[in-house]
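Below is one structure, written out as structure tokens; comments come after it.
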Amino acid sequence: MSTEVTSAAAEFARRQQSPLQRVQHQLHGRPWLSPLFLLLVAFVAFFIGSATFLTASSMGILLQQTAVVAALAVGQTIVILTAGIDLSVGAVMVLSMMVMATLAKDGGMPGILALAVGVLLATAAGALNGLLVTRINLPPFIVTLGTLSVFTAIALLYSGGESIQADHLPRLLNFLGEGFGIGDFRLTWGIIVVILIYAVMGFVLSQTAWGRYVYAVGDDPESARLSGVPSKRILLAVYTVAGLIYGIAAWILIGRAGAATPNAFPDANLASITAVVIGGTSLFGGRGRLVGTLIGALIVQTLQFGLSQMGVDQQWRVLATGILVIVAVAVDQWIRKVKA
Amino acid sequence: MSTEVTSAAAEFARRQQSPLQRVQHQLHGRPWLSPLFLLLVAFVAFFIGSATFLTASSMGILLQQTAVVAALAVGQTIVILTAGIDLSVGAVMVLSMMVMATLAKDGGMPGILALAVGVLLATAAGALNGLLVTRINLPPFIVTLGTLSVFTAIALLYSGGESIQADHLPRLLNFLGEGFGIGDFRLTWGIIVVILIYAVMGFVLSQTAWGRYVYAVGDDPESARLSGVPSKRILLAVYTVAGLIYGIAAWILIGRAGAATPNAFPDANLASITAVVIGGTSLFGGRGRLVGTLIGALIVQTLQFGLSQMGVDQQWRVLATGILVIVAVAVDQWIRKVKA
Amino acid sequence: MSTPTLEVAHGGVPEGKEDIYAKEPVLSARKLVITFGRVVGLDGVDLDLYPGEVLAVIGDNGAGKSTLIKCLTGAYVADSGVITLNGQPVHFKKPQDAREAGIETVYQQLAVIPALDIASNLYLAREERRRGPLGSVLRMLDKKGMEKRAGQSVQDLGIQTIQNMSQAVETLSGGQRQAVAVARAAAFGSKVVVLDEPTAALGVKESGMVLDMVKQLRDRGLSVILISHNMPHVWEVADRIHIQRLGGRAGVVTPQTHDMGEGVAIMTGAKRLEGSS
Amino acid sequence: MSTPTLEVAHGGVPEGKEDIYAKEPVLSARKLVITFGRVVGLDGVDLDLYPGEVLAVIGDNGAGKSTLIKCLTGAYVADSGVITLNGQPVHFKKPQDAREAGIETVYQQLAVIPALDIASNLYLAREERRRGPLGSVLRMLDKKGMEKRAGQSVQDLGIQTIQNMSQAVETLSGGQRQAVAVARAAAFGSKVVVLDEPTAALGVKESGMVLDMVKQLRDRGLSVILISHNMPHVWEVADRIHIQRLGGRAGVVTPQTHDMGEGVAIMTGAKRLEGSS
Amino acid sequence: LGACNRGSSSDGASGAGGGAKVGVTLITKDSTNPFFVAMQKGAKADAGKNNVKLTVASGKQEGDDQGQITAIEDAIARGDKGILITPMSDGVNSAIKKARDAKLFVIALDTPPDPADTVDITFATNNRNAGKLDGQWAAAQLDGKPAVIALLDLFSDKIVSVDYNRDQGFLEGMGIDVADGKKNGDEAKTGKYTGGKGGDYTIVCNEAGQGAEDGGRTAMEKCLAKNPNINLVYTINEPTAVGANAALKAANKTALIVSVDGGCAGVGSVKSGVIGATAQQYPLKMATLGMEAIAKIARGGEKPQVTSGLDFFDTGVALVTDKKADGVDSISSDDGAKICWGN
């Protein structure tokens, strides 16, 4: 081939671009930047719309409000990456939380032990999901729909429907609600734990063989099997790890709510799945990045917090959130679609 | 090839089979029989467990209880067949219901007109979902999550949260709640409408080109596109038809509840998706049968009704339903898996 | 460059077919460019397809053959360049547009729907309805008829191992599946039939039948674009051969003027056509 | 039946390689049966693979070639029949089991993960970790190293058109994708390498390189099962040829005793081997 | 623990006359709200005493009319003699009518249906009154100071009667014009309250807390971010109050918190000073009274009578606080703890 021919594509690449197109081009090259860009836009908009939005203390609160759903969404992300779905996130968390609290209060167990039992129970609950998915080959939707009911019922029956206040609990169980401030910007230990979870799982997903298998199993299960990926073991591990993360989320939630309640966080399922999907992970598995989930969780929370700071009435806020979610993802889509 | 070689497979086919294997074999050949078989088993079990379960009047009630979710699940089925998901089912239905009722009551509109406007609005709401999915290429999950909030908020703002009792409404709007009895076995016109919806959509899905396109678009969108299937038009039509069906479901619901309430059916999403998935339709699209959805809806309702007739308390019922859903689908899986 | 050059054969015309090449091309492309992010798919490719000819497209793996025909048939939309059909500029936005213009294509990835059965796939987007009101009013499909004719089409390609016509195509063997895709194009092409490696998965006998089919299509006056790595096949049926290389067109030759060895040499860059760009 | 019969060559031994066939087969199958509902996939097939030989499997489309090797490599579990590896009965429940026993396979559908890049696919389930604690403790992958070596492997197969090694394989051309799958098997096979139509999508040059690779594998003492519709290729590299027909084995011939025409005739049922079942 | 208040209600009757067990269904709004869980528990504990076969059912969540309708039909099919229901909304009225047509005795608990004669009788507290008590008390405590108010409601995506009755009742108690009495958040954001000594008020926010601690905290945080000077917090129930207090504590602020429910945990919060006052209600009393009534009627006994002047049987509400305010009847937290529900 010769220079003349090469120039056709090169010429195309050199074509005129408007500044907007250039931004788009830049974002296109770095797809994970695009939700971040959205988040920035939202920040600017709310900064203009409300005096109380972009303050140090508000930012700290925004992070605290995001912590639990962001943690749950990590488990949800790895499950969805394997083309599964986990409807039992909230139920596992609540069960684990009630068990921790009840053991510590009524059982008089030391905090560390109660915590360990609670987290272990959540891990076991996740493993149960995984076993049902891998051994009996049930669709994850059905499995977790079933265990959603089972874990919810057990949590209620076990706790008798009563909440347990923080002051009846050892300090360790409340610890993640404590924190430190940099001026008015207050961070809790719970936020730090969430960041750690993201760091560890982000590393595992992108830097280890296990992470690749997660993507492979989700993208094309049959090809993964034929390639020698131990699909069942991976799936089982994914659900188990997800359970473990929900257990940790339970710990964070106790600290945040200042109590263990059986009806805490009723929309955990939808909230966690929403964060994952807004973060750009495909519900069909195999495609997505964990950092997207974090940004997705932040976007939702920012919208809600920002609208409330602007003093929008509640039902209008529901309306606005619906529209903004669609707009946000549409912008994201537009950025990704354009040709580089 | 010769007789000797042929016989290897023939011999295998003639191998000893236990009676259980034979049942399994029969069911395997007719996969849609398998959930029906489950339903039968559930009936027998509850017949033994409760004296009030298998009576003419109870059966009538069971059907009435299934009607609305069965109707919604038709729309959900066609959406899921295209590899989508519709989280706005309940919201569209409620919005349509409130508009119908408000127009008829406050606006003094004749029943037929109010009904038409309500159903049309639902159809338009479905079309909006479809437009967002096809024109802006948004994931259906996001679109319907957004419109879920939007429609819910509009319904609340429009109705002011007030419910409208049947006695303020023209007879036509309540008509589907009326019915006729064959002895104690009472059927409502709503049930008849649901059966009609299944018949029509079942015909369309299995006997027309449009039905094939729905499956094709869901199973492999890229291949469908390359084959010349008008994918976008089909998708738009699917969401629109789904909206239409939700509008009819709204009409059924008014008759059933004897009122139009803005909070009518908060778990319509999960209930309708559950019916579809238990009915054997894949959440990944392209695989499933409408009749399965009907049976799926009946199975869930039967479990709940049966347990309630046995006098099982709510929390235990939640637990039992969770377990039974998993068991039911596991049995189904077992039947399908076995080699013929 | 120091690669040996061959005699020019740009636009070379096969002997005895001069009349065909006097006409206007049925399908033409000029300076097609398409890029995928940093990857250059097509780098300014020209192509002319005359009525009633078989134009083969050959080239190394990744030379851009499939990308080229995807741009021609609406599966991709080129970044720049012009496509004309019977002299009129066309803008195919989706494969359906090309189909409606009479261009039927077998893509390399076959584009069959895994869960649908053989007949449904063959007639996909071309369904036939029942006679009478059942078809015209209720729009009911003529399932039986389509199944019968589908079975015939596949058998015509020499595939006799299909035991059960209602099998989903995902359960078919690689070759059986390819036969379904090829049969579809053969049955419905009205102006241009594009075949991207239609015999790749086919057996000896079946491949021969596809070549016969290509000849029949040409004899019926249709134009055929045939992509193949099988040089003997190409030299057997092609009227002209478009050689694709590194995203560009290395030249067009005829089986009469150049032999297979030369064709492969141009394709791999071992030789190049005199004066070619 | 009135089909003409050919001289028996069941278990025929290629000249000059008698020593190989004196040994125990590395992989053997007896009376393999598999059915899919009403469809008969394999109808009692026997197969023997000796160490250091290239066994070709040919047959019409749908004859059961792919099904046969899927049963041998754990992708399917046969309904009945026995498989032995080095004389020991084995029960592969999944492909991983066969892989761990040293059998590396390129399936006809390639089995690559669309969204993963070339290197990730090549090393899938065979990942290499970094040296030092990063690898042993943190189990970090040696991404750079794998990418480099993957690029080399693919180039070794003659694929030079890949512009961007971090492309997802779903964006590769058909041939490029096949090269990735073949390169994987070549790199990791330790005992037996099974190739199901490895050159179907490859160009002339690239196909030649795969055949060279097959010979090299044999020379390293590995056994190769090669499924192909390309008779010249088969007759070029095979030591023995297993002919599959209608789900059964029509016979085994050697390139020395039977020519291509006869092979095709047996395959299509035009002739049959004397005394064969 | 919970037993302490049952004594007050089940003393008299216990119509455990012989005969077969009477089937009764208790249908609450959901099975997770501690208030309803307590109601279910109390009813179950008393079922044996009344020789009742009790089945507990509920909606899946607050707002699930369909779930309640289904539960009513289930009760009819089961041949129960009576239904105790906390009606979700008027949406279930027609199902109740069906049950009464099938000769079931239907008693509404906690929430009076609209119209009141939808059921045979209602055992309830007036949620609006409960809110009013809170408002009056708060106004008195402010002693003329300006009120900077946060309203922590139940839902933003549903409108349920308990939500607006308590919220609007509170504002009415404060002496603030509520505009539409069935609509939260349509009040003037600033103005004068007339309760107590009267003064200026500012409503900072209406935030939904889902009736639980975590939601309560999130809601309060949003309010505080908007205006850190909040000095009066109305909460829909005590878990929300606990969450609000956590947010206040984290922000190093204090404010007067008022709430409704009077569960033992809530009364404890009053004692410890977290909650200033809470309007106590008596779910166990409602359930046990209702069950006794049905058991009695099924055995040929009398229908209970409504409280005079009301169209329902008032099970009462009492303001629990340790800071008595003039002109507002209240009981101390110690007294409240004796008759509280839950643990």
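Order of writing sets the chain letters: A, B, C, D and E. Residues in each chain are counted from 1.
Convention: a contact is a pair of C-beta atoms (placed from the backbone, for glycine too) under 8 Å apart; a residue touches a chain by one contact, two chains touch by 3 or more.
It should be emphasised that the depicted structure is a prediction, and the values quoted were computed from it without experimental measurement.
K.L.:
Taking each chain's centre as the mean of its Cα atoms, which chain lies farthest from chain B?
P.N.:
D
K.L.:
Pick the pair with more C-beta contacts: A-D or B-E?
P.N.:
Ranking A-D and B-E by C-beta contacts puts B-E first.
K.L.:
Roughly how far is chain A from chain C, centre to centre by C-alpha average, rounded to an integer in Å?
P.N.:
Chain centres of chain A and chain C, defined by C-alpha means, are spaced 47 Å apart.
K.L.:
Go ahead and note the Å separation of the Cα centroids belonging to chain C and chain E.
P.N.:
The answer is 74 Å.
K.L.:
Quick one: report the Å distance separating chain A from chain E, using the average Cα coordinate of each chain.
P.N.:
Going by mean C-alpha positions, chain A sits 35 Å from chain E.
K.L.:
Among all residues of chain B, which ones touch two or more of the remaining chains?
P.N.:
Residues 149, 152-153, 156, 315, 318 of chain B touch two or more partner chains.
K.L.:
Listing for chain D: what residues touch at least two other chains?
P.N.:
Within chain D, the residues that touch at least two other chains are 37-38, 40, 109, 246.
K.L.:
Identify all positions of chain E at which a residue touches two or more other chains, and write them in rising order.
P.N.:
Within chain E, the residues that touch at least two other chains are 31, 40, 61, 157.
K.L.:
Please give the residue numbers of chain C that touch chain B in the complex, ascending.
P.N.:
Touch residues, chain C against chain B: 75, 94-96, 99-100, 105, 107, 109-116, 120-121, 124-127, 129, 138-141, 143.
K.L.:
In the complex, go through chain B and note every residue touching chain C.
P.N.:
203, 207-210, 212-213, 215-216, 219-220, 222-230, 286-287
K.L.:
List the residues on chain D that touch chain C in their complex, please.
P.N.:
The contact residues of chain D facing chain C are 36-40, 59-63, 65-67, 108-109, 159-164, 167, 171-176, 179, 197, 200-207, 229, 231, 246, 264, 267-268.
K.L.:
Can you name the residues of chain A that touch chain E in the complex?
P.N.:
Per the touch definition, chain A meets chain E at residues 52-53, 55, 57-58, 61, 64-65, 68, 156, 160-163, 165-167, 177, 186, 253, 256-259, 261-266, 305, 308-309, 311, 313-315, 317-318.
K.L.:
For chain A, which residues are in contact with chain B within the complex?
P.N.:
83, 85, 87, 132, 136-139, 141-143, 145-150, 152-154, 156-157, 270, 273-274, 277-278, 282-284, 315-316, 318-319, 321-323, 325-326, 329-330, 333-334, 337
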